[in-house]
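Data first, discussion second: the structure below is written as structure tokens.
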Amino acid sequence: MADMIVEIGIWVAAAYTLMIFSYPYKETPLFKFAEHTMIGLGIAITTIMGVRNILDIAVKSIVEKGEITWIVPILLGLALFTRYSKQYAWLSRWPLALLVGIGIGLAMGSDVDASFVTQIRSTVTGVDTLNEALLGLMVIVTITYFIFSIGKEQREKGVFKHTSQLGRYVMMLCFGAVFGNTIMTRMSLLIGRITFLLFEWLKLG
Amino acid sequence: MSFLKNRQIPIGITLVVGLVMLVNYYFGAALPPAKSAATLVQNWAVIVAAFALLIGLINISRIHINHLLKRTKGQWIFSLWLLAIMYTMIALGLIGTTKNPGYQWLYNYVFLPIDATMYASLAFFISSAAYRAFRARNLESSLLLASGVVTMLMNAPIGEIIWAAFPVIGDWIMVVPNVATMRAIMICIVMGSVSLGLRTLLVMERGYLGREE
Amino acid sequence: MALIAHQSGLVTLLILSGAVLYMIQRARQGLKSEVRRVAGIEVIDEAIGRSTEMGRPVHITNGLSNLYSSGSPQTIAGLSVLSYVAKKCAQNGIPLITTIYVPETIPMVMEMYREASMLAGNPEWFNEYNIRYMSSHRYSYATGVQGVLQREKPAASFLMGSFMAEALIFAESGNIIGAMQVAGTAATAQVPFFVVACDYTLLGDELYAAGAYLSQDAVQMASIAGQDVGKYLAMILLLAGLILSVAGSNWLVNILKL
Amino acid sequence: MTSAKEGIWNRMQTIDPRILYILIVVVIILPLLSPLALPITVTSSTRNAYEKIDEYSPPGSVVVIAYEFIAGNWAEMGPIAVAMTQHLFSKPDIRIIMLAMGRDEGPILVEYTLKYVDTMGKVYGEDYVNLGFFAGAESAMASFASDIPGLVKTDYYGTPIEQIPVMSGLNDLNDVDLFLCLWSGTPGWGEYLRQWQTPYEIAVIGGTIGINGPGAQPYVSSGQLKGLVVGLRGGGEYEKLIGKPGEATAGLDAVSTTHLLIVAFIILGNVGYFAGGRRVGGEA
């Protein structure tokens, strides 16, 4: 019985695989069916996680450990639903204000440290090969491309005009390389799917 | 009541919470109350976000129930299917827990294969994007084309057979211009997120707050 | 035990914030700061105009970062663009379809739709069913966006926010239906794919400046100018660091290690 | 007449992408069904990883392998996991501990890997063990490193640690000689670097997907990673090194054919563009 279920499962998986691959060819009910299935399952999985979080973390802490403070996030969470009422819609901004405050605080803290200080430090640490010096100069040149206003005339006519153009060339080299390098990773995923279809489904192996 | 309605309260919440997070990041080691406040607020966020997931559930349910009621041609049958499979999966996952065989079957034989196939479809899209964009129209797109083809042939075993220098050039591009560009962009991004952070805390970027009540 | 962790980060943050606040103060006293043209932002109006002529809807999506993570500035910047696009679409009377991954943005987008339809004096434009939650699973979200692109055939598609691998699925699916696409992200790993596959791409901090740039409000434009101060600081530190390092001293490196 | 010729150049620039998609599937299926067995040259970085594994796991040593990836990445990570695990199993008198702290699918992937590995007489419990998944990412890594018996109570199948000889005498990370980190994203190498490599200076060999290769390269040059095997290509080379061709070897043929096909299309597009008088063909 067990391998019957597995066999049916493989056929269902293969059917859905072909429905998704049909996307670029024509607008068919096949892709639409797979799409609606995927959205339904995706929302179900995250909804279950959400409900589990509310029950296992908030409700359980209140009931079992008596930590009353968990009432606050529950009320804030319920406040989100006021958006659907004309009269109390303003209340839905309170929980959003809490989330945005956390996000902004994290971004202005860890981002500045990890993406500014660390990047500059690793660029200037132990520059002893030509490549490392070249890399440092390329970073400077590329930054000039992003100047908005201070030195705007420089950027459009002065010395920065050339450095920002040079910056664009460096960026094009990078973008082409990242693109080319990613093709192998994407191809190996497709090879994996086709291997599934050929050997596990059609059993041609 | 009208006092509660005004906008100073959400603005105040964002400002206070934002400062708590910042103080904790820089002075957290020295200021235990800041660290515990930040942790508490972040724990609350997980619960608020969990309720937001339910808002999402309501949003999609309203859309598809609307299609059902209006019998939208060529759509209502799919809407019925989406609602059926969604709520079945929720029931299986909540009542039977995620170890439930039905949940496991749907996860392993429907969700994961579609997930893997969508990921794999990138192989098609990356190829058509490369074919369309890698054209030597000007110096910039020629550089894009050159470095793209070099790294492609660096990876493919056949590449080395065609010309042994591909991996060498490819490695240089991946180590020098690639890292330089990523660092320059990351540095500039920090400027943007700090500036936007300040505009949000000072209520100039009030997109998320909406219009005057 | 150091009183302050990441001192160099803190000093940098204070300098950057000081610069932005100074530029804002200057603008409040009437000193307008002139910002260079950003093609990617200015083409947004053209793309909406194209949709209006063709009588097709516009599509916009704000990516993956939830509001309480360090990626939230990208989502907020994307929402600012959405707010602008909604107002334009309401004025032109063409539908705007928003596909959503981050559920907590749903109430915000509803608020923006209501504001846009009110400002345009076009109450029926507000259609709550054009705000579509596509789940918080990356590839369910991707299939959902593909479905919208394929069936609704928008003439303009805006991808503004943080993305991962599925970025290229959105871009190429948009190309299949010939939509005009403007992308903006701070996710460095996906920038190459947007540059290659979309008509216009906002690079680096251009996404963050989009909201302020579109508002054309002098004070907000000044904060964009404030972002440049940090770039000059970075260039000076890099140049000094390179020279010092080549000369053999890592004095600056040790400072940046604090 | 010219319009017909012009038509050709124009068509070369605007080939319908769906034709390209079908050709990609064809050039993948052909080598999978009848392998071309194109020669695979082993690059220095994969050979270095192979030699470093031999160097850091002499008889009597203890090796920990972390499986921090998801089933979705099996196409690229599977061959690397199978080849490196097989290499360790073919080494005499060493203890192998398999676990996961970042990805809950880890333990299932350990079992899936073992299906392809010849255990060469090693006995479960005495020579190797699957400890399963420890939730908490970095915090779990930190507590494992400082006090193994404190964190690890049973193996993946619930057998208490006391009844598993391979775990006896293991107190903390200093008792481990080599760590194999197989990761596809985060949590992954970044977290192990902070919690294991930096504080304990443990010898680490890495295995990851192609996209992470360039980003991890600096850690190899700085020595934090003793060796690194990257992508399907690295997997194929490692299979050649251990003399056991597997999924990667077959896959690499298809990588070559697809890459050649895309390069051919790019050339077609450019020939059409230049021959057509550098006028951009109409949009597809």
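Every chain is named by a letter (A, B, C and D) in the order it is written, and numbering of its residues begins at 1.
By our rule, a residue touches a chain if its C-beta (ideal position, glycine included) is under 8 Å from a C-beta of that chain, and two chains touch if they have at least 3 such contacts.
Please read all numbers here as calculations on a predicted model, not as lab measurements.
Participant: Using the touch definition from the top, list the chains contacting both subunit C and subunit D.
Facilitator: Both-contact set = A, B.
Participant: Specify the chain pair with the maximum number of C-beta contact pairs.
Facilitator: A-B
Participant: Where the centre means the average of the CA atoms, what chain is farthest from subunit D?
Facilitator: C
Participant: Which whole number of Å gives the spacing of the CA centres of subunit B and subunit C?
Facilitator: 13
Participant: Quick check: how many Å separate the C-alpha centres of subunit B and subunit D?
Facilitator: That pair's centroid distance is 24 Å.
Participant: Nearest whole angstrom, what separates the Cα centre of subunit A from the Cα centre of subunit D?
Facilitator: Taking the average C-alpha coordinate of subunit A and of subunit D, the gap between them is 22 Å.
Participant: Please compute the C-alpha centroid of subunit A, do the same for subunit B, then give the distance between them in whole Å.
Facilitator: Averaging C-alpha atoms per chain gives centres 3 Å apart.
Participant: Among the residues of subunit A, pick out those that touch two or more other chains and give their numbers.
Facilitator: Answer for subunit A, listing residues that touch two or more other chains: 20, 23-24, 32, 34, 36, 38-39, 41-43, 45-46, 80, 83, 95-96, 98-100, 102, 104, 106-113, 116, 120, 123, 136, 139, 143, 145-146, 171, 174-176, 178-179, 181-184, 187, 189-190, 192-193.
Participant: In subunit D, what residues contact two or more other chains?
Facilitator: 17, 21, 24, 72, 210-211, 213-214, 231, 233, 255, 258-259, 262
Participant: For subunit B, which residues are shared contacts with two or more other chains?
Facilitator: 22, 25-26, 42, 45, 48-49, 52-53, 55-57, 60, 112, 114-116, 118-119, 121-124, 126-130, 132, 134, 144-145, 148-149, 152, 155-156, 174-175, 178-179, 182, 184-190, 193-194, 197, 200, 208, 210 - these are the residues of subunit B that touch more than one other chain.
Participant: Show me the residue ranges of subunit A that touch subunit D in the complex, using the header's touch definition.
Facilitator: Residues 24-25, 181-185, 187-195, 198, 204 of subunit A touch subunit D in their complex.
Participant: Can you list the residues on subunit C that touch subunit A in the complex?
Facilitator: 6, 8-9, 12-13, 16, 33-36, 38, 65-73, 75-76, 104, 106-108, 110-111, 133-137, 139-141, 143-144, 146-147, 150-151, 173, 176, 189, 191-193, 195-196, 203-206, 209, 221, 224-225, 227-232, 234-235, 237-239, 241-242, 244-246, 250, 252-253, 256-257
Participant: Provide the residue numbers of subunit C that touch subunit B in the complex, in ascending order.
Facilitator: Answer in residue numbers: 1-6, 9-10, 13, 16-17, 20-21, 24, 66, 68, 73-74, 76-77, 79-80, 82-83, 100, 103-104, 106-108, 111-112, 114-115, 118, 128-129, 131-133, 135-137, 139, 142-143, 165-166, 168-169, 171-173, 175, 186, 188, 191, 193, 196-197, 203-209, 211-212, 217, 219-220, 223-224, 226-228, 230-231, 234.
Participant: What residues on subunit A touch subunit B, complex-wise?
Facilitator: Touching subunit B: residues 5, 8-10, 12-14, 16-17, 20-21, 23-24, 29, 32-34, 36-54, 57-58, 69-70, 72-74, 76-78, 80-81, 83-84, 90, 93-102, 104-113, 115-116, 119-120, 123, 131, 134-136, 138-139, 142-143, 145-146, 167-184, 186-187, 189-190, 192-193, 196 of subunit A.
Participant: Across the complex, what residues on subunit B touch subunit D?
Facilitator: 112, 115-116, 119, 123-124, 127-128, 130-132, 134-137, 145, 148-149, 152-153, 155-161, 167, 174-175, 178-179
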